[in-house]
Amino acid sequence: MTASDNGQKKIRAAILGASGYTGAELIRLLLRHPNVEIVLITADRKAGQPVEAVFPHLGGEGLPDLIAISDVEWGGLDLDVIFCALPHATSQRIIKGILHETGHGFIDEMIIEQPEDYASAIKSSVKVIDLSADFRLRDADTYAKTYGGAHDALELQKEAVYGLSEHYREDIKKARLVACPGCYPTAALLALIPLMKEKAIHRDGIIIDAKSGVSGAGRSLNEANLFTEVSEAMHPYAIGNHRHAPEIEQELSRAFGEDLLITFTPHLIPMNRGELETIYVTLADGQSAGDLRGILKRHYQDETFVTIVGENTTPATRDVRGSNNAHIGVFEDRIPGRAIIVVVIDNLVKGSSGQAVQNMNLMFGFDESLSLEQMPLFP
Amino acid sequence: MTASDNGQKKIRAAILGASGYTGAELIRLLLRHPNVEIVLITADRKAGQPVEAVFPHLGGEGLPDLIAISDVEWGGLDLDVIFCALPHATSQRIIKGILHETGHGFIDEMIIEQPEDYASAIKSSVKVIDLSADFRLRDADTYAKTYGGAHDALELQKEAVYGLSEHYREDIKKARLVACPGCYPTAALLALIPLMKEKAIHRDGIIIDAKSGVSGAGRSLNEANLFTEVSEAMHPYAIGNHRHAPEIEQELSRAFGEDLLITFTPHLIPMNRGELETIYVTLADGQSAGDLRGILKRHYQDETFVTIVGENTTPATRDVRGSNNAHIGVFEDRIPGRAIIVVVIDNLVKGSSGQAVQNMNLMFGFDESLSLEQMPLFP
Amino acid sequence: MTASDNGQKKIRAAILGASGYTGAELIRLLLRHPNVEIVLITADRKAGQPVEAVFPHLGGEGLPDLIAISDVEWGGLDLDVIFCALPHATSQRIIKGILHETGHGFIDEMIIEQPEDYASAIKSSVKVIDLSADFRLRDADTYAKTYGGAHDALELQKEAVYGLSEHYREDIKKARLVACPGCYPTAALLALIPLMKEKAIHRDGIIIDAKSGVSGAGRSLNEANLFTEVSEAMHPYAIGNHRHAPEIEQELSRAFGEDLLITFTPHLIPMNRGELETIYVTLADGQSAGDLRGILKRHYQDETFVTIVGENTTPATRDVRGSNNAHIGVFEDRIPGRAIIVVVIDNLVKGSSGQAVQNMNLMFGFDESLSLEQMPLFP
Amino acid sequence: MTASDNGQKKIRAAILGASGYTGAELIRLLLRHPNVEIVLITADRKAGQPVEAVFPHLGGEGLPDLIAISDVEWGGLDLDVIFCALPHATSQRIIKGILHETGHGFIDEMIIEQPEDYASAIKSSVKVIDLSADFRLRDADTYAKTYGGAHDALELQKEAVYGLSEHYREDIKKARLVACPGCYPTAALLALIPLMKEKAIHRDGIIIDAKSGVSGAGRSLNEANLFTEVSEAMHPYAIGNHRHAPEIEQELSRAFGEDLLITFTPHLIPMNRGELETIYVTLADGQSAGDLRGILKRHYQDETFVTIVGENTTPATRDVRGSNNAHIGVFEDRIPGRAIIVVVIDNLVKGSSGQAVQNMNLMFGFDESLSLEQMPLFP
């Protein structure tokens, strides 16, 4: 650690897998964090290049060049925190090595040539913040069914804390491994967990119609994400079988105290950033849309990043663009006994890298909003 | 009537209210109709200008200049068909005059100075195709409640035929006044009417999550529709109280044979054209998503403009852009007993002006797809 | 040939290389051509699939499935016209075979396994319309320098007619092989050739600042063309060395009668379709912007697809979207003796597939605007 | 002044005219400035509303409500700095009052009812940063000719410092009134002033082809700026007569030491933020594109916000989005003796509100980059 501007020590951070938008967004946020120094950035597809060759908007900041994960010399890096923005399945194997859970022959030789090296070279107090899906699901069977294969690090799966900052804050503070929620679950759970806990809405029949900007699909080459395919167009995808549905169900079931299923349909919208969920719920007896709004207001009254808008305000993604904010509105349906909840976040910030930084702040005892104070960018 | 290229007589058409996108789209389509001649175009806000000053893409076609409706000399126009793309409420008053239902002191003096002139000058066989909401609702009370005032032409409201071409074809053929459906109802009803008629889905709990491009909002000046407000942004609007909901309910109730309510939430999406509805339904006992698909395929097998896509195809607005086509897909929900239906149309074509021309073709005995055969424009 | 609706014979057409947007656009236009039947569509990357799996907007039209070019059984196809939308360099080899210029060991074995088959199977009267760059340059050295390798079909390079329809109409009518111009040259040459011919502007110092929508880059996978890279962004590319510059210079030099060089800078703009060129020129002595406008008006007065707008009208890409139209405006610069010319086209129509169809109409004696009459799509 | 977090006094700031995007952007930046407190925000069109009703993205920050400028009680506000984001012409009258230049009967009674009130109530040390065009032109005749009327505050026009931070830094530090440059001039001048000063390029024949996102047009209602008019479209405007041309000429003439004229054509591009200028220049004898790049690198080597990119890098607006950065690249033209310069900025930040804040930092002796350190937002 070195001294930061505010007199505190700077923690030393690594970002693994920074060739995508999630990694770039982590860099963007951490570069302005007074207590963090980025000392390692890996990106196998872009190894050997300076960061600004891959992300010109991040140039001129004295960042280390991108390096293949297999080429890292871990000794001497003296890492305090590692952000994993690696593909699903890869993430669990890398993290197992990092957290000294080696020696089980699990390492993918294609990816990591000398896992022992880093397993022994990384200091044991290191904390890991994973942005992949690998540690989000608590149940091994659900994981295997959802992601098409057995988990490689079951012990860590149990240990991992689900990183929905506002709802698992105390656990996150003590965690060694935090699994950041998916972008769709983040929005849905912020809106629904308080209502489920208070049983203000029915367990069954929750329908989440989600719309996302294209950055949620990452920077990988895919015909479906070409400008010409997406612009002036929209469509749903993964109807009935998106991998975020079990994740949402897991947390809602915990909040409600009973297992439940949800309906979930994501849509691709011609915009870069922004996610909106329109959630249809059945009110518990005696509850009104206003009651739901009241519960949410009470629950989030001390939160920096969650705003419950008034009954005459409609949440819009433009109001949270580029920020770690979530806006939630509750509306009466025209059918008695039903309500409509609208949530907006920036999928790359609160839905991903911003929440990861928020979790880091919690894990290291920093002010929770450090480097996340930026106002939204509109227009 | 004059002779057309295919030897048939050309009918003489007027478009009232052509300063907006709906009017422009009517012109675009009718210009290439072999049996139609556009002889009158009114546009109060742009009166006195040539069409190409207002819509440069429609220039060079020898169209008459735009004229204020109060300045029209109706005698001698010898109109066969009048398209009304006027604002709601205005429409009913103008049409009442056109259809010789004058003499009741109903004319808005601000708009029409000498209504008797045109009431007597227009030939009695004229047919009217209204694109406003004025004649869509069959019930006077529902109209008054939804549109905030009593209807001015109750007799015509009863006479008007609801212009959902595929479902009211025989009535449309005989109609003097056709009320073209709203864009949202068009999409929803194409998907749901056959299923309601066959009682393949439950009457209750239908949820329609609708997304529309911005052209649905017209060309009028509104801060909310500025590029900078809409681009890279999305939000719902009129949650729980959009005027198209009663219209959808009216037609679904007729199809099912019992009154019903629906949940309907429209969203504004950053694109020009295109409308997508994601519809959540509960299956009737013994029905599956595949059964629903089968019902729709059977129902629409002879239709030119409605396609039921296969189970592995996802409807996308880009596939119908600029065309009169509707694509419908049916999907299994992950919750047993439920299904998800996805419909896409171009809101300005099948959702508005295209369907109006389709209705005109029916009313005048033309081939139903004349001037509507254009392939979609992608990308 | 079979009988078409208008009593004429239908010519039998093949489209080679239809996995991209140019190929799809050819299909879109030819499907509504009364005198054309599409009997073969090749697409190596998507071979074996029905057209609607690759381009759902083209479904339901009874088109033949996509096939690899090496799998085509040419005998019996009885082709009248072949559109080549193949990659540069591949095109010249394929066309050489098609036009019976075989036997020179030139065939790329990777692409065509049995070239003799089709060389002998295709009837000798077949006409070829090439949309690649392979036959646009008249000079072998310029070709080699610009495209990085010697031309494989020099004889055909000499024979090919440059397919700028309005300027080489008579040659095109008699041609066996037409090389359709690039999109940027099409716009520039329509504006400049008449002015160069009349020496109304200086030979030197012509600057063409070009802006194009993303469809010009095709459908191939390229990180730079992902939605997230392009949307809400713009940048120039190939500054000082774009391959269309020599093509523009070739034709302007011919028109002027002396060799000349131009400055040309293309930019990528976040839109699907549309191309705009802002051209800065020095007036010849005694000429004014109005004079230039007059020359262009006179030159194009009988043309269907080229419009010279009035001095108070600014060309905009939206006015030609989806159409084969070009709009050209001439403006006074604030510096005396200079003028600014603005041209807009749809890069996929007049800039590519539309002009190809226009050339086909010329080559086969059809009405030049058949299947190109569609009005622009706005908004 | 109150104490800021970093121990310094906070200056008290007013923003006049905050119903537009420029005003909102000022608020966004100043809210995170450690040494500034926003104590007054006026917005005549939105008077009486809380900021978050007009700009929901700025909510929850304890800002004062919007107020009409005529309703302000200036006494007690104790303002240190006033940002004027008012319309042209209005600005000069208001500022004249603010700077105690009253008593000349100049006040527009429609706007300010009791100008004496604030003229006497505002402390004499107040500094004014004007974002309108009113004080940018140094010459009274040029102003009158360009803006269609005589200037109302000629003495102030002479006193005002042109706020191009990097080039007038020392004057700005001492100024009472700073006139922030237009967005187009900012980009052009950053690229050209050093080259003109060193006479590395010719005085004549400079052509600036400019492209801007739509936010440059403000938030006022204008059909041309509706989403549907702009999206999937582009066009030039004000060809040959844009008001920013004389402003660019003024500063380039000063830099070069002789009067000169430029060619300038702005284009509207379908994106929210971002401005790109492609500048065509003739090299002075013996100069190369590399020499120009070298001059710019040397000139800006100590600047925080101006980056000269390497010869293999192309500036793109996405790389500066949301930031105060300018990226400049120099390229060889294919015509010997000519070069092409490309500049990108965010029109709302470096092109407007960001540069205004940068100037404020200079005027009050703060670190020049305070509140402007945010990284660009990509994607």
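Letters A, B, C and D mark the chains in the order given here, with residues in each chain numbered from 1 onward.
Throughout what follows, contacts are C-beta pairs under 8 Å (C-beta built on N, C-alpha and C of every residue); 3 or more make two chains touch, one makes a residue touch a chain.
Everything numeric here is computed off the predicted structure, so don't read it as measured data.
Taking the mean Cα position of each chain as its centre, C sits at the greatest distance from subunit A. Set side by side, B-D and B-C show the greater C-beta contact count at B-C.
Spacing of subunit B relative to subunit D, judged by their CA centroids, is 46 angstrom. Separating the centre of subunit C from that of subunit D, both taken as means of CA atoms, is a distance of 42 Å. Centres computed as Cα averages put subunit B at a distance of 37 Å from subunit C. Multi-chain contact residues of subunit D (touching two or more other chains): 21, 214-215, 228-229, 231-232, 270-273, 316, 318, 321, 379. Taken together, the subunit A residues at the contact with subunit D in this complex read 21, 24, 28, 31-32, 55-61, 214-215, 231-232, 272-273, 307, 309, 313, 316, 318-323, 327, 373-379. Residues 205, 207, 209, 211, 213, 228-229, 231-237, 239-241, 245, 261-265, 267, 269-274, 276, 278, 280, 314-318, 321, 331-335, 338, 340, 342, 344, 379 of subunit B are the ones that touch subunit A when the two sit in their complex. Note for the complex: subunit A touches subunit C at residues 21, 214-215, 219, 221-223, 225-232, 270-272.
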